[in-house]
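Below you'll find the structures, each written out as structure tokens.
Paired with subunit B in one complex and with subunit C in the other, subunit A is shared by the two complexes that follow.
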Partner chain A sequence: MSSCPPYAPFFGFAGVASSMIFSTVGAAYGTSKAGIGIAGLGQFKPELIMKSLIPVVMSGIIAVYGLVVSVLIAGGLDPAQDYPLYSGFVHLGAGLACGLTGLAAGYAIGIVGDSCVRAYVRESKVFVAMVLILIFAEVLGLYGLIVALIMNSRASEARCS
Partner chain B sequence: MSAQAAPAHATVQAAEQGGVLLKLVIFSLSLGIVPLTSYFASEKYVWNGNSTFAAITAIVAANVVLVAYIISSVRDDKAEREATKPSESRKDR
Partner chain C sequence: MGFLRLYYALGLPSFLVTVIALYLLFTGSGEAFNVGRFLEESSPYLWASTGIGLCIGLSVLGAGWGIFVTGASILGGGVRAPRIRTKNLISIIFCEVVAIYGVIMGIVYSSKLASIDESQLYTKSNYYTGYALFWGGLTVGVCNLLCGVSVGITGSTAALADAADPALFVKILIVEVFGSILGLFGLIVGLLVVGKAEEFKAAAVPAALGALPLLSH
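The block that comes next holds the complex of A and B.
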């Protein structure tokens, strides 16, 4: 059993795909849930819509995190070079770390965005609290991205035996 | 609101919506374009092929776009509130 089996790139590409897929699911949930609240707010105070779009922009940032990690991992996959199974697993782990934390962060951003935007109709001081809570929800995705970067930097350590 | 203020308010709203839509489109496009271009450009020209630093550069660029959006929306809201306040105080006198 060699350490560079031909099915090793399956795990590498699974990492690329899972990073993009799961973070996009999180961003979609965040966008849609916050959009529900914004549609409710827009009926009463349309001048507040630009400020209340901040949860939607933050959900977009979560998807950008997944995109950057996908591009990063895909840049390390080259059929002309040896690809040990170790690197395949590292890439899969990196993709899953970024993707699933993006899913969690998008979920949090959606729920927080919906409730805080609805509260912003009545009380304008909720805005600062909303931005702070959204920042804390977004750094969850950032932690996953940092772990994905650290893992990916170690992917080229193994050699074919 | 009085009936005299309603037409002025409607024209202000119509003028605002064109500008607001353009700003949103610009921010959406830059949120997609800026991180990717900064990733590839910094990987090639700044970090000499080190892709981890290029990814960090892309993430910093994406967060800069986010902060720019927050600042511009807060500033717009403040400017709009300053614009409507003096006209209301003149009516009270």
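The block that comes next holds the complex of A and C.
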């Protein structure tokens, strides 16, 4: 069996897809859930809406992490060049790393954002604590991005035998 | 309580898969489970066509889902506050745009399809194109599905907030814009993935039927 079988790009593309799809799940959940809380806050204190958009922006950043990793992995795939099965699996791992961490981070940002903006209506001192908690949730996605970037940089080490 | 249903739903298929896998293993035909052979023997047309179908199908599913969620809220809120009817149609348009993304990508992907005789179909470039179209189509479809649902939920929220206080609509629209960029990201990834793939081409030297996958071992 050769180390560059023709089905190796299947796994590479699976990495591209999983990075984008799973981070989009997280980002969509975060955006919608936090958006519902923000609309609830807007009924009572409309002047606080702009500051409460932070969870929504952070969910968008999670989607951008997934996009960056997808673009990087897709840049390493080329039909004209040799593509070892090793690279396929490394790309799949990188995509799963970024995607699944983005999914977790997006869920956390959504639930935290929703409950914190509802608390912000009643007590404005909650704002700093909310931002701190959101940062910790966002950083989960960042860890996945870092690991995905490290794996992706190692993906072109193998050669066809 | 809802998780029990999930366990039941996942339990039977997992049990069946385990039984079949152990049967193959203990009767000495464990090599029958060969992912590489499956990927080499399945036609690139399978992957390409499934990808295109999923691309448009899931995108339209997302758009429709978003439209019904938003539409129900606009119509319900419009009973007590008729002024919200025209302004909130913009949320419906945001959902519709997601379906348009699916159509555009479906058309772009379909241009890669070409009719090749089966003895000349199984080349490395055609395998690449088939896989690219499948995963690209799935990415575009699922991202548009999620975007459509997210924009729908947010649009419904915006309609009801608008019914309560007209000044809120523009601010909740910002959240909706953040939701709609997700579909755009899916479109970008879909285009990148397929950008380098060539359309289906006949092999330079026709191989005997099914011989080419075996030659690479």
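Here is the rule we use: the second predicted complex is superposed on the first by the 161 of 161 C-alpha atoms of A that agree within 3 Å, B and C clash if a C-alpha of one lies under 4 Å from a C-alpha of the other, contacts with A are read in each partner's own complex, and residues count from 1 in each chain.
Just so it is clear, a residue touches a chain if its C-beta (ideal position, glycine included) is under 8 Å from a C-beta of that chain, and two chains touch if they have at least 3 such contacts.
A quick note: this is a predicted structure, and the numbers were derived from the prediction, not measured.
A.B. asks: Record, for the superposition on subunit A, whether partners subunit B and subunit C clash or fit.
C.D. replies: When both complexes are placed onto subunit A, subunit B and subunit C end up side by side without any clash.
A.B. asks: Check the residue A:V126 against both partner chains and state whether it touches subunit B (first), subunit C (second), both, or neither.
C.D. replies: In the superposition, A:V126 touches no partner, neither subunit B nor subunit C.
A.B. asks: Residues of subunit A touched by subunit B versus by subunit C: which partner has the larger set?
C.D. replies: Partner touching more subunit A residues in the overlay: C.
A.B. asks: May I ask you to decide whether A:V147 touches subunit B, subunit C, both, or neither, giving the answer as first, second, both or neither?
C.D. replies: Once the two structures are laid over each other on A, A:V147 reaches no partner at all.
A.B. asks: I'd like to know which partner A:V69 touches here: subunit B for first, subunit C for second, both or neither.
C.D. replies: Touch status of A:V69: first partner only.
A.B. asks: State whether A:C160 touches subunit B only (first), subunit C only (second), both chains, or neither.
C.D. replies: A:C160 contacts neither subunit B nor subunit C.
A.B. asks: Give one of first, second, both or neither to describe whether A:V25 is in contact with subunit B, with subunit C, with both, or with none.
C.D. replies: The answer is second: A:V25 touches subunit C but not subunit B.
A.B. asks: With both complexes superposed on chain A, which partner does A:L48 reach: first (subunit B), second (subunit C), both or neither?
C.D. replies: The first partner, subunit B, only.
A.B. asks: Output check: A:M58 vs subunit B and subunit C. Expected answer is one of first, second, both, neither. What do you get?
C.D. replies: First partner only.
A.B. asks: For the superposed arrangement, I'd like the angle with vertex at the C-alpha centre of subunit A and ends at subunit B and subunit C, nearest 10 degrees.
C.D. replies: Superposed on A, the angle at subunit A reads 110 degrees.
A.B. asks: Touching A:L77 in the superposition: subunit B (first), subunit C (second), both, neither?
C.D. replies: Second partner only.
A.B. asks: Touching A:V139, do we find subunit B (first), subunit C (second), both, or neither?
C.D. replies: Touch status of A:V139: no partner.
A.B. asks: Give, as a whole number of angstrom, the minimum Cα separation of subunit B and subunit C in the superposed three-chain arrangement.
C.D. replies: 6
A.B. asks: Shared contact residues on subunit A for subunit B and subunit C?
C.D. replies: Correct list for subunit A: 46, 50, 53, 57, 60, 64, 67, 71, 75.
A.B. asks: Provide the residue numbers of subunit C that touch subunit A in the complex, in ascending order.
C.D. replies: My answer: residues 36, 39-40, 122, 124-125, 127-129, 131-132, 134-136, 138-139, 142-143, 146-147, 149-150, 153-154, 157-158, 160-161, 164-165, 167-168, 171-172, 174-176, 178-179, 181-182, 185-186, 188-189, 192-193, 196-198, 213, 216-217.
A.B. asks: State the interface residues of subunit A toward subunit B in the complex, per the touch definition above.
C.D. replies: By the definition above, subunit A touches subunit B via 46-48, 50-51, 53-54, 57-58, 60-61, 64-65, 67-69, 71-72, 75-76, 131, 142, 145, 149, 152-153.
A.B. asks: Would you pull the subunit A residues touching subunit C in the complex into a rising list?
C.D. replies: Answer in residue numbers: 1-2, 5-7, 9-10, 13-14, 16-17, 20-21, 24-25, 27-29, 31-32, 34-36, 38-39, 42-43, 46, 49-50, 53, 56-57, 59-60, 63-64, 66-67, 70-71, 74-75, 77-80.
A.B. asks: Under the definition above, what is the set of subunit B residues touching subunit A in their complex?
C.D. replies: 13, 20, 23-24, 27-28, 31-32, 35-36, 39, 51-52, 54-56, 58-59, 62-63, 66, 69-70, 73-74, 76-77, 80
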